[in-house]
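Multiple structures are listed underneath, in structure tokens.
Okay, so chain A shows up in both of these, paired with chain B first and chain C after.
Right, the complex of A and B next:
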């Protein structure tokens, strides 16, 4: 079974071809600056050509049995992966306003794949599906629920595929490990407390801007700061958005573009300060996650910068007297996870779990 | 703006020397109220006190001053269009009894900005600095300034001291007080975490250290100031604040009566678009119509919400409100226990923290991982404060301590004035000697 996986963000599309064994991809590549109406229609053809050339060298021919597309946001509408149908595209259109940068382009991309790979099923795997099980107490912001609904104001979390797989990875190793802190180390990092397979606390918010600072994203800030930027600098929403999503985080602190691997090895004083700050924010989130679960069995690092997990674990251990002595590193890459975890989840599991932790019996968490 | 002379900027009479008796009027301004207490120092004895309520435009009920001297309490209905008029009415009441003539003022000022890291005597210079930062706390700082000027006018010659809610948090390290937005912006607009309720956090932490017989500079704790209005949690290491849930403004952090607390930055932007760029509308929504009131739609007081839930169970707005309120406190306690490392105590104070056992129970249960265990029986019967509600197996004391911000302000005022007197006196002696 040949599976094509597609993962995209604003700046690029990453694609890979798996032969169904969930091992390393047979072929992979990326396309930059894809979010252009005139380019999107031709993307599936370019990807197919890339795979064909790559397989020719291995004396194989390219064919696809399934295309898996990772979707960053599916709101409450998508509680599990779905095969793209007219109905699912309608559902996506309904939540367009909540992610106006992503969803319209994504719908167009899905259409292009449908056209090119006629008859091949296209599966949509959502990062947010995992978080549709987030308890109300964690999901809700403290504003009027009517207004919250109107402007799609609910906490999600943005690396659900990683966190879900992190839990499964630990649980497969030892069934007694049921309270997991999953630290996803991507350009916008995220910490999630997973208990009994369900998320109970996550640093990400209604958008990836909330939570831990990223390579260019601000993380948690006082809401009044946004208003201060508007009042004191005369900035409109677009300028503010640009500053807090593209010029903040590590970039904002150090003044230069730097990824997490470089940050954790740099001797530059600004980088040392940024590292100290991010580690501190991780400590706060870890304490919060432990309180949310009433304890901790394991900590797992994943994502493209997962190798710095050792340094983070060392720091957290030094601060928390009682902490798992060892940490786990999730070996899989996102593209592989999108195939294995997402698809296996769709094929094998009923994802509509009931919430594991009920608060109905008073307020004892 | 009239800047008055503040005549004792240059020196203080000998009655302000250390050990001397001083009657201090502590003034605490809210947006439409003015609380005052006359405390005799250093014996810390309250002589009189009261509260001017409903200052400002006319409301459904008349403006009034509830004034008490000793055991006697009286209510005066009087129109007070602003805080200066309220102070003048209070002065009239106090002037009826010559035995309570004040010697100094201690003013609660919420925001000290980046300028004031400790209590400061009001001089023409410090008043100018206060003017520069009053926009940082638009609800609290302007009425406090109005009263500072009114005091100088009504009691010419009496020294005034400003005691800041932010001062205790001046020790928060840079890595905890820095926001990750472009440096040029934080430097230009002087944006950083300031933290609030510092006077209360410091007071209850000092009390807790005294109860536990620990020197304050070796005492570490997590302090939960849970008021019926504002609320914040503070991490304290060796007697110093190292973090606070409030931030650049008192809006960040916990779910409060009408304040939203933490919010995704993009959502503030969404709201700006929703309100077509009106920062005033968004600020008003987040500060005065969110939090417990916004979520529940029925009351701004968490006690009402908890009481509603006792009467009816189920998936109601009040149920979600109570859960979100408690959950946020619990998560922050976890964060700060991790930061402090080996705390001596977890402290609860102010209206909700002192009087609602259900809140303490909910946020302390299932926290054994941190060495924290609450005793159900002690918690339910913590009527006399201070009270220890920790279980015998808890390695961290859980203490309920009554806050007394006015007394804390009186202490700071007394301390600063006698320090200034000694300093100026010594300086004078030194100068004379040099001559």
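Right, the complex of A and C next:
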């Protein structure tokens, strides 16, 4: 069975093709600046051409049995992976206000894939589904509940796929490992405490801005800083948002665009300061995670910058007593793994649905 | 958000240029805008507006529906142009010639460049996949130059209510050089009618009035820039055996003046001037005209444009300034100077009559309006599309705060 995985962000779409085995992708690639330059209707064709060319070299032909798309938001409505249907698209449309840069583009993208890969099921996998299991004390902010409900103010994390797999990965290796800290090293990094398979603490918030500083994001700040920018400088919400989500973090501290790999190898004084600051914030978050779980069995690093996990682990171990000596690095096939397990769970739940999909596409889990 | 809009805007440039050029090539002198209105309506349909239609007044209207009904933003520019004095032009005013990045033609600056920018601002928001909270209306209205905004009045009083929309804010695409303008002086056109039994008495009275008011006008125009008063020559009516004469006067209206006040002042002036002319009657009145629109409907319009000013610290101006600043556009505020009497915008109709807060933001240059070899700089149109879309999103878009980092 061939699974096409699609992970889209504002700046790029990463795609990969997996065959029946759970190994590395057969082919992968990315489309940069897709929201700026691409005509969305043409994207599936470009991806299919990429796969076809790459498979031709291996004397294979390209076909897809399942397309799996990562969705940044929507866990409240979608508790597990779901096949994209007219109903699910309608549900997505209803929550577009909550993630307005992502969901409208996603809906267009799903339409384009449905149109191109006619008859092939499209599975949607939600980063935030995992966090609907956060304990109430972690999920809620200390603000008036009526107000929080009115504009849906509650905490989520935004790398649920990574964190869920991090726990499963450790637990599969050793059943005794049940208190895991998952450090997802993406451009907006996130630390999550997972206990017994459920999240108990996460650095993400009502939007991806809360938590650890990222490549361009500020992370946690005093809310009054925002009011000060408005009161003292007369800035509107858009300008403040630009400042804290696109001109802060590593970029704000060093004055130049720099990713985490570069930050952790740079000798530039500004970069050294930024690195210290971010490591310190990670230390505080790790301490919170340990406190939330009452201990720690394992720490797992994942995400595109997972290689710097070793350095981070070294720093954290030097600061925290009784810290696990060993850390794990998560393999890079999350979307496929999550889709498979999610789909499997869904198919078990709904036999009628599963039979229909099996017949149409000739695959089974 | 802004970088996506910038890139999409960049990709639309050729399309925008072609559309604006074609629009300039279509003659649309006041009260003869049918062809241009149909062209605009077709373009809005093609660009994916949720609705686009021509209303009963002949205005071309495009709507992009938001998730909620409020706030609704109306972008408004007029389709019509004044009749160009072709002898003064160094080229045909209807060929849409492009030279050195400037598009020349009747109405290029006032206000087809602004209209194109507003139509494509809606398209830019759609193409950037930015969902709207409130509705966006793009209204290309008729009979502004020679109809005292009859088209706009029908739009606001009849068309918009019929589709369930009430405009909360309006942005005019009139020439501001992409500055944020919030008002201008008004003007009134008056007629002094002199009537008597003896043609010689009528003639003497008319000449006295003309000489005296011309002196007042010269003094006022010397003391004030721009032009303050314009006194026409008396026209003697031969059908009455020269027993009556009419004199046309244009007068600028400051924010402290009203047309009624000017009529009262002028009545007093002419009464003093003709106090010794016992055999003539003099009457001052605001000029009214019967206008026939291109679709055959008729309206009586008074030749008055009141001064208007939106509070420069109003929420509309504040959000417009903030949005432009966030979008890294130039933020320049000011008011139109209206160098010539008789020029104006529909701002007074929107603000004074319908209480809709209004500002101007358009790519044209005020100095070019109503002039020979009128032009608009194409780059200014592209900037205006982006700036207008940013303001509209700031006013009625769904906020994207917290979701704008390149990657999550």
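We adopt the following convention: the second predicted complex is superposed on the first by the 328 of 365 C-alpha atoms of A that agree within 3 Å, B and C clash if a C-alpha of one lies under 4 Å from a C-alpha of the other, contacts with A are read in each partner's own complex, and residues count from 1 in each chain.
In this section, a residue touches a chain if its C-beta (ideal position, glycine included) is under 8 Å from a C-beta of that chain, and two chains touch if they have at least 3 such contacts.
Predicted model only: the values in this text are computed from it and were never measured.
In the superposition on chain A, contact of A:186 is made with chain C only, not with chain B. Of the two partner chains placed around the shared chain by superposition, chain C is the only one that A:101 touches, whereas chain B remains out of contact.
Once the two complexes are overlaid on the shared chain, A:234 sits against chain C while remaining clear of chain B.
By the touch criterion stated above, A:11 is placed in contact with chain C alone, chain B being left untouched. By the touch criterion stated above, A:142 is placed in contact with chain B alone, chain C being left untouched. A count of residues in chain A touched by chain B and by chain C gives the higher number to B. Applying the stated contact rule after C-alpha superposition, one finds that A:36 touches chain C and leaves chain B untouched. Contacts of A:221 after superposition on the shared chain: chain B is touched, whereas chain C is not.
Contacts of A:242 after superposition: chain C is touched, whereas chain B is not reached. Shared-chain residue A:158: touches chain C; no touch with chain B. Judged by the document's definition of touching, chain A residues 206-207, 209, 236-237, 240-241, 245 lie at the interface with chain B and also at the interface with chain C. Across the interface of their complex, chain B is touched by residues 135-138, 140-145, 147, 150-153, 155, 201, 205-207, 209-210, 213, 218-233, 236-237, 240-241, 243-245, 247-253, 255, 273, 276-277, 280, 283-292, 294-296, 319-322, 359-360, 362-365 of chain A. By the touch criterion given at the top, residues 174-176, 178-183, 185, 189, 191, 193, 243, 247-249, 251-252, 255, 259-274, 277, 279, 282-283, 285-286, 289-292, 294-295, 297, 313, 317, 320, 322-328, 330-339, 341-342, 358, 361-362, 365-370 of chain B touch chain A in their complex.
Residues of chain C touching chain A in their complex: 1-4, 7-8, 11, 67, 128-131, 133, 318-319, 321-323, 325-327, 390, 394, 397-408. Chain A contributes residues 9-12, 33, 35-37, 72, 96-97, 99-102, 104-105, 108, 127, 158-159, 186-188, 206-209, 214-217, 234-242, 245-246 to its touches with chain C in the complex.
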